[in-house]
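First subunit A sits with subunit B, and in the next complex the same chain sits with subunit C.
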Partner chain A sequence: MSNPLALLGRVATYALLIIAAFVSVFPFLWMLIGATNYSADIIKGKVTPGTALLQNISVFFNSVDMPRILFNSFFIAGVGTALTLLISSLAGYGFEMFRSKFREKVFGGLLLMLSIPFAALMIPLFIMMANFKMINTYQAIILPTVASIFIIFYFRQATKAFPHELRDAARIDGLKEWQIFLYVYMPVMRSTYAAATIIVFMANWNNYLWPLIVLQTNEMKTLTLVVAGLTSAYTPDFGVVMVGAIFATLPTLVIFFLLQRRFVEGMLGAVK
Partner chain B sequence: MAQSGLARNEHLSGWLFVMPALVLLGLFMIYPILWSLWMSFQVGRGMAFSFGGFTNIMRLTQDPVFLRALTNTLTFLAIQVPIMLVLALLFANALNDSKLWGRGLFRTAIFLPCVTSLVAYSVVFRSMFAQDGVINQFLMFAHIIASPIPWMADPFWSKVVIISAITWRWTGYNMIFYLAAMQNIDRSIYEAAKIDGVPAWARFWYITVPMLKPVILFTTVISTIGTLQLFDEPNLIPSTPGAPSDSTLTLSLYIYNLSFKFMPSFGYAATVSYVIVVMVGILTLIQFLAARERRT
Partner chain C sequence: MTRLSTGWKRAAAVALASVSMFSVTAASALEITVWCWDPNFNGATMKEAAERYAALHPDVTVNIVDFAKADLETKLQAQLASGTTDGLPDIVLIEDYGAQKYLQSFPGAFEPLNDKVDYSGFAPYKVELATVNGQTYSLPFDSGVTGYFYRSDLLAEAGFDAAALENITWDKLIEIGKAVKEKTGGTLLPIDPNDAGWLRIMMQSAGSWYFNPDGSVHIADNPVLKASIETYQRLLAAGISKPVAGWTEYTGSFTSGDTLSTFTGVWMTGTIKANADQSGKWAIAPLPALDGVEGATNASNLGGSSWYVLSSSAEKAEAVDFLAEIWGKDVDFYQKILVNQGALGSLLAAREGEAYKASDEFFGGAPVWQNFSDWLSAIPAVNYGIFTNEADAAVVAQIPNITSGGNIDEIIAAIDSQVRQQVQ
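Presenting the complex of A and B:
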């Protein structure tokens, strides 16, 4: 069976995959190695670990108020994620469990809105936030992201698998609709919530353009903004930049390795 | 009567569940998108607006910076999306083989880039593509090039860097969609084709690709919408945003510059943003029509 041509194909497949895997992983290694090198060595392409790690870390911590910045990032991403899950799962549940012709039309409208580009929203949103006196606040970052059409859609899809008998039983037991949602639906759907948590948290943590517009003082900035800011000099200190990039990547990387399957499920599910 | 009371209750509950989201979407999406439409017909700087009719649209056609941003964005789109999707399809096809050694490892590795933040990977790429940086060192070491490529100093190569960067970041993401869809294809079709002596490339081209058509269409549309809004990479990979000489300037970056860099001209920036809205709208419509055609 194994003719030379099939063997060649097999070799080519492995070669392709090994190159692809290497290219995919290399920037991560580069980031780790870079954190141990001096900036001058990094831009000269030095691929061996150096001795500048402690210096880079200390320069980073001296130029960045890390506790405050981490608090900003975790607060915005954490509160934003909790609110997004609550508001959007309520809507996803509502659209699926209480169907009406009119609501179906509204839902169709939401799907159309999915393609509204943020670039067309940012100027009015900025002026709105300025009018509300909310520039440079956490709420300005969090509020516009809380009703996520993607997540509403995701929860509606997932709710199709929610057993209706559970709801009927709960109704017979005299539970109110909000109690059914809180005490029956939410516990049953916890794996959906977990997957959604991962993607929403990651999107919030990594958000750049909107915080860049709204957060204007150093003590309000998120880690993502700080890392971007480190490169704004014409010749940035890349060793320090790498330390920042590692900190910015770490939370999502850890979540990915701990919950790999959920992670992928969330990604597929949110857009299915 | 009890029946109709229950129905009314049911109706009310339905609205109560969806209302918080609808109110927020109305406030932070519908209202702003209509406002920016209105704004796109306004002229003036800062917060002093006056109605300008089609002035802004006329200005678009004579604005060399806008035209460059538009050309750049469309160039990124036309080159990057096909390369990325073909690669994603090839990787997914290779990884769909259950007898493949190290399958999980390869899949994780190729997926890994989409765990990074756009900002973090952009700054890492900026250092890799320095004049004497690791990419040039490697290419020279492998005798692919004789002298260093001036990546971010050259209008052509800077685009190559941006395209490579986005491809690195998103290929694994698209691959996951293809892999998931491939797992749903009935294996017996392949077995039958194999017995009939259909070679591997033909099985890929005549079975896998047609079966994946909906997913391919879907990923094309989301990638296109994403690329039309490209901002983070051209803002962070060059030494100054959009450099050199606007050759990596995108529409989103231009809108940002018009609004938040200097004395803002919100009206004109809103007009430019509607160029993206219109392009995305057309693409969504094409997707919708294609999806409907598939159903009939």
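Presenting the complex of A and C:
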């Protein structure tokens, strides 16, 4: 600290970090404050808490069938996440643990498919779902996401750190292959699963374009669709929109904080 | 581990049960599904119409589904492009600027209503914009008929009353703006540099558009477009405007008294009247006309939308009958939606009703709806074509040049070439 240059550098670093923190936190703060203000005040740029919170909440709950919408969102995100983790981790495990002549070619093909934008797949997928008579169903949203190439890739990378000796020991102990996956691999890789849970749950919860295309009725809509609908009115009630935004953000925040420690471990690829 | 696996089984069973429970989507025999985008505006008017129709036909229910407007367009476009008619609604709301795009890109997807609806009763420009090859496909809904909204109290301080603003031209308005600035220091207009609404308003007021009636590009050799941009440059150069960024700042500017007026669609009435403390301090004049342009009028349009029946609809006959019976004839219905939602429909006969004849104390006791209705019937019809949004984007790209006083011929040439590139 005796060196004035070092002190200056430290001050500059903190100033920069404080600005960066402010920029990333301010939208959340604005959302919370906005939920307590009347729309007219929000438009005028009021940044102090107001008194309209209860009114905004009651308008929101009166205009939105919240239990049903929340159920839709949680059901799609929850079931979608569970199935994605199961199927994609099994694929990632398989790609790493079992050798085959075509393994790398198939995997390379999969990775190439990552580069196709969803907008290009949307219409064929819609036609497919229409032929399966699955328009406006939960399956139509969940099924296309369960084999996630990114999550397969993620699990394959993580599996590289999974000790093969564990598998060999389990085989000697007489476990079948599916038992090894279920009782040895899954518990060992729980940090990886935790990190993947956050990623997949967030992607499912915030999924927008595909549910928009395939869901047709008010009863089937997800929370993200409902909140987007609130903002597009000719005279949007921004206070109510903020209440909706809080509800749409909360679940991912909760899940993140619950799994935070494991998330960091999982990202580092730890095997315990 | 066994505990875990039974838990899994139970979860899976619940999941499957609820999937089959909620995936039942088959509609009852006579349900008309409608897609629209603002539950407080077009959704609410549709609900009112549905209640009226249900009173006459108890066997028909109307199911209103609302999406964000851009979302509705994405959805409609994707589903029409997929060629499958599963999940399409029976009636859909389409913004007027996009009508020709849908009608021409998806021939056969929408149902012509000429046999069921008497179009002579509607504002001619609304009928024209939904007509392809002599067939009209829409039931015209809300109009964006324009007016010049101004603070009568503050303009009166500078010596300008309603008579001074009646059927003026833009150059006259610029003079007024300068005089107001000199006498009271007030700024006349807010201008959003990222919005090309002013150009659409000015062009249509003289019966012109980016496109000819046959759909071909009409920009480089369009005298009305040139006169509009010149007028806008004069307006900016006069120092009577204030730049604003985005919609909320724009509306905030004149509702807070920061600027004294604006020219826009009739739907702004609600936003202005939301400021109850300004009652009696506002007035509405006709839109200023372009100077020295053939066919210039004091009437124009900004925005607006119409209802369309999908040809794939299983309840097509009922859907058409519903639109024709309520939206096509019911004058009383139009009074109700004018009062409750501030929706100015396009049915000209509606002006004979109570609500349309009422005067409004907020606007100094003027018969504002009779006035808007007069202007509505005078709006020149133009062909919005398929590429209005693309042309708009080309104009917005040139706005910095327009604002900085650039050469108008070069600006127009640039707009023209960008539009032609995209239209090909």
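Everything that follows uses one rule, which is that the second predicted complex is superposed on the first by the 244 of 272 C-alpha atoms of A that agree within 3 Å, B and C clash if a C-alpha of one lies under 4 Å from a C-alpha of the other, contacts with A are read in each partner's own complex, and residues count from 1 in each chain.
Simple rule for what comes next: a contact is a pair of C-beta atoms (placed from the backbone, for glycine too) under 8 Å apart; a residue touches a chain by one contact, two chains touch by 3 or more.
No experiment lies behind these values; they were computed from the predicted model shown.
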Exercise for the section: Quick one: on subunit A, after the overlay, do subunit B and subunit C clash, or do they fit? Just give me the call. Expected result: clash
Exercise for the section: Once the structures are superposed on A, label A:T252 by its partner contacts, choosing first (subunit B), second (subunit C), both or neither. Expected result: first
Exercise for the section: Check the residue A:T231 against both partner chains and state whether it touches subunit B (first), subunit C (second), both, or neither. Expected result: both
Practice task
In the overlay, answer first, second, both or neither for which of subunit B and subunit C A:E177 touches.
Solution key: first
Exercise for the section: Considering only the touch criterion stated at the top, classify A:I135 as touching first (subunit B), second (subunit C), both, or neither. Expected result: second
Problem - First, second, both or neither for A:V79, with subunit B first and subunit C second - result: second
Practice task
Examine A:M122 and indicate which partner it touches, taking first as subunit B and second as subunit C; both and neither are also allowed.
Solution key: both
Exercise for the section: Go through the superposed model and pick first if A:Q216 touches only subunit B, second if only subunit C, both, or neither. Expected result: second
Practice task
Would you mind checking which one, subunit B or subunit C, touches more residues on subunit A?
Solution key: B
Practice task
Quick one: classify A:I43 as touching subunit B (first), subunit C (second), both or neither.
Solution key: both
Problem - Contact residues common to both interfaces of subunit A (with subunit B and with subunit C) - result: 43-44, 122-123, 126-127, 209, 213, 225, 228, 231, 234
Practice task
Flag every residue of subunit A that touches subunit C in the complex, lowest number first.
Solution key: 40, 43-44, 63, 75, 79, 82, 122-123, 126-127, 130-131, 133-139, 182-183, 209, 212-214, 216-220, 225, 228-229, 231-235
Practice task
Flag every residue of subunit C that touches subunit A in the complex, lowest number first.
Solution key: 1, 11, 15, 18-19, 22-23, 25, 33, 37-41, 63, 65-71, 74-75, 78-79, 81-84, 86-87, 89, 248, 251-252, 256, 267, 270-271, 274
Practice task
Could you please specify the touching residues of subunit B with respect to subunit A in the complex?
Solution key: 10-11, 13-18, 20-22, 24-25, 28-33, 35-36, 39, 47, 87, 90-91, 94-95, 97, 100, 102, 105-106, 108-128, 130-138, 168, 171-173, 176-177, 180, 200, 218, 222, 225, 228-229, 231-232, 235-236, 239-240, 251-252, 255-256, 259-260, 266, 269-270, 273-274, 276-277, 280-281, 283-284
Fill in the blank from the handout: Seen from subunit A, its contact residues with subunit B in the complex are 6, 9, 13, 16-17, 20-21, 23-25, 27-28, 30-31, 34, 42-47, 87-88, 90-91, 93-95, 97-100, 103, 106, 110, 112-113, 115-128, 143-144, 146-147, 149, 152, 177, 181, 202, 205-206, 208-209, 213, 224-225, 227-228, 230-231, 234, 236, 238, 241-242, 244-245, 248-249, 252-253, 256, 260, 264, 267-268, 271
